[in-house]
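Below is one structure. I have some questions about it.
Here the chain labels run A, B, C, D, E and F in written order, and each chain numbers its own residues starting at 1.
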């Protein structure tokens, strides 16, 4: 508590994920005044063929 | 807004997903009177070994 | 299977939800060739103070 | 209804998943007095590089 | 890890929830050989007007 | 894309939520090099009687 689920397009490197969860955790602790260990983050890699906006798959975007 | 998360068994082709998100987006715009670009859809491919009903994995279904 | 989770701003009437789930279920059965009873839909009413885009709460939108 | 989404680290065998969903379904039926067929469970295999606690990816844990 | 999200119709008492999470946690520890403190459970109370099967809201069920 | 779902105990004020989503959006744009408008955040207020760790509801915590 808090627990994050974050969907992002697949393709990020482990190093990008590492920096991202550090930044999110830091921002959360400062904003909500909670301890780092209370922050759980799950990243969900989403393929472009599995995400659509306006009825069009992102894998079909020009 | 609205944002959809739709779990379905893995195995759909990209063409099936393409038609599916088009149909869902159209039905949503007509029912809720929203713009297509406000409709986001995330598809989640689920393996049969990861879905159970009545305590039995679907990969074990006869 | 398939199972839908749909987040939308709170304020829809039951009649709007009724028509919406009917339309989504029909579109799903036609697109994916599944039986209506296999379609489960959960609607999630979201307050405008609980949804943000671009770092701004929708309750703060002009 | 009820519907479960359970995130766990990837690496479980199908046999472990089989026993797990049986046990969860049994515990649910006894606690909530529902029929087994009303219990749906979706398992989500999460990579250690996609789960962070305290700002550190589990793939980086010593 | 594991983390549960469990959707159930609203109306359960706190005592029912208490027994339910105890039973689920116990079943999980025995099946997956994990420590109780690693089991997180979030319950989601769903109104019958927000759940549909076969295109019909459960609030409309006879 | 990315889309956040963040569960936190109920009780935060709108001002706290406002600052929180600003901080999360800023941290995300810096870490992932994305535009603010691509960041969607949904907050989920969870009652203490609906969250359990180690088989105990947080509403029962001493």
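What we mean here is this: a residue touches a chain if its C-beta (ideal position, glycine included) is under 8 Å from a C-beta of that chain, and two chains touch if they have at least 3 such contacts.
By chain, with names taken from UniProt: A, B, C, D, E, F = 4-oxalocrotonate tautomerase.
The shown structure was predicted, so the numbers you read here are calculated from the model rather than taken from an experiment.
Undergrad: Need the CA-centroid distance for the pair chain B / chain F, whole Å please.
TA: Chain centroid spacing, chain B to chain F, equals 25 Å.
Undergrad: Could you grab the centroid distance between chain A and chain B? Build each centroid from C-alpha atoms only and quote it in angstrom.
TA: The separation of the two C-alpha centroids amounts to 21 Å.
Undergrad: Could you say which residues in chain F touch two or more other chains, in rising order?
TA: In chain F, the residues touching two or more other chains are 3, 7, 24, 26, 40, 42, 46, 51.
Undergrad: Could you tell me which shape the graph of touching chains takes: line, ring, star, complete or other?
TA: Topology of touching chains reads as other, fitting no named class.
Undergrad: How do the chains pair up in terms of touching? List each pair.
TA: Touch list across chains, by label: A-B, A-D, A-E, A-F, B-C, B-D, B-F, C-D, C-E, C-F, D-E, E-F.
Undergrad: Residues of chain A touching chain E in their complex?
TA: 3, 40, 42
Undergrad: Would you tell me which residues of chain E are touching chain D in their complex?
TA: 1-9, 12, 16, 19-20, 23-24, 26-28, 30-32, 46, 51, 58
Undergrad: For chain C, which residues count as touching chain F in their complex?
TA: Where chain C meets chain F, its residues are 7, 46, 49-57, 59-60.
Undergrad: Looking at the complex, which residues from chain E come into contact with chain F?
TA: 14, 17-18, 21-22, 24-26, 36-37, 39-45
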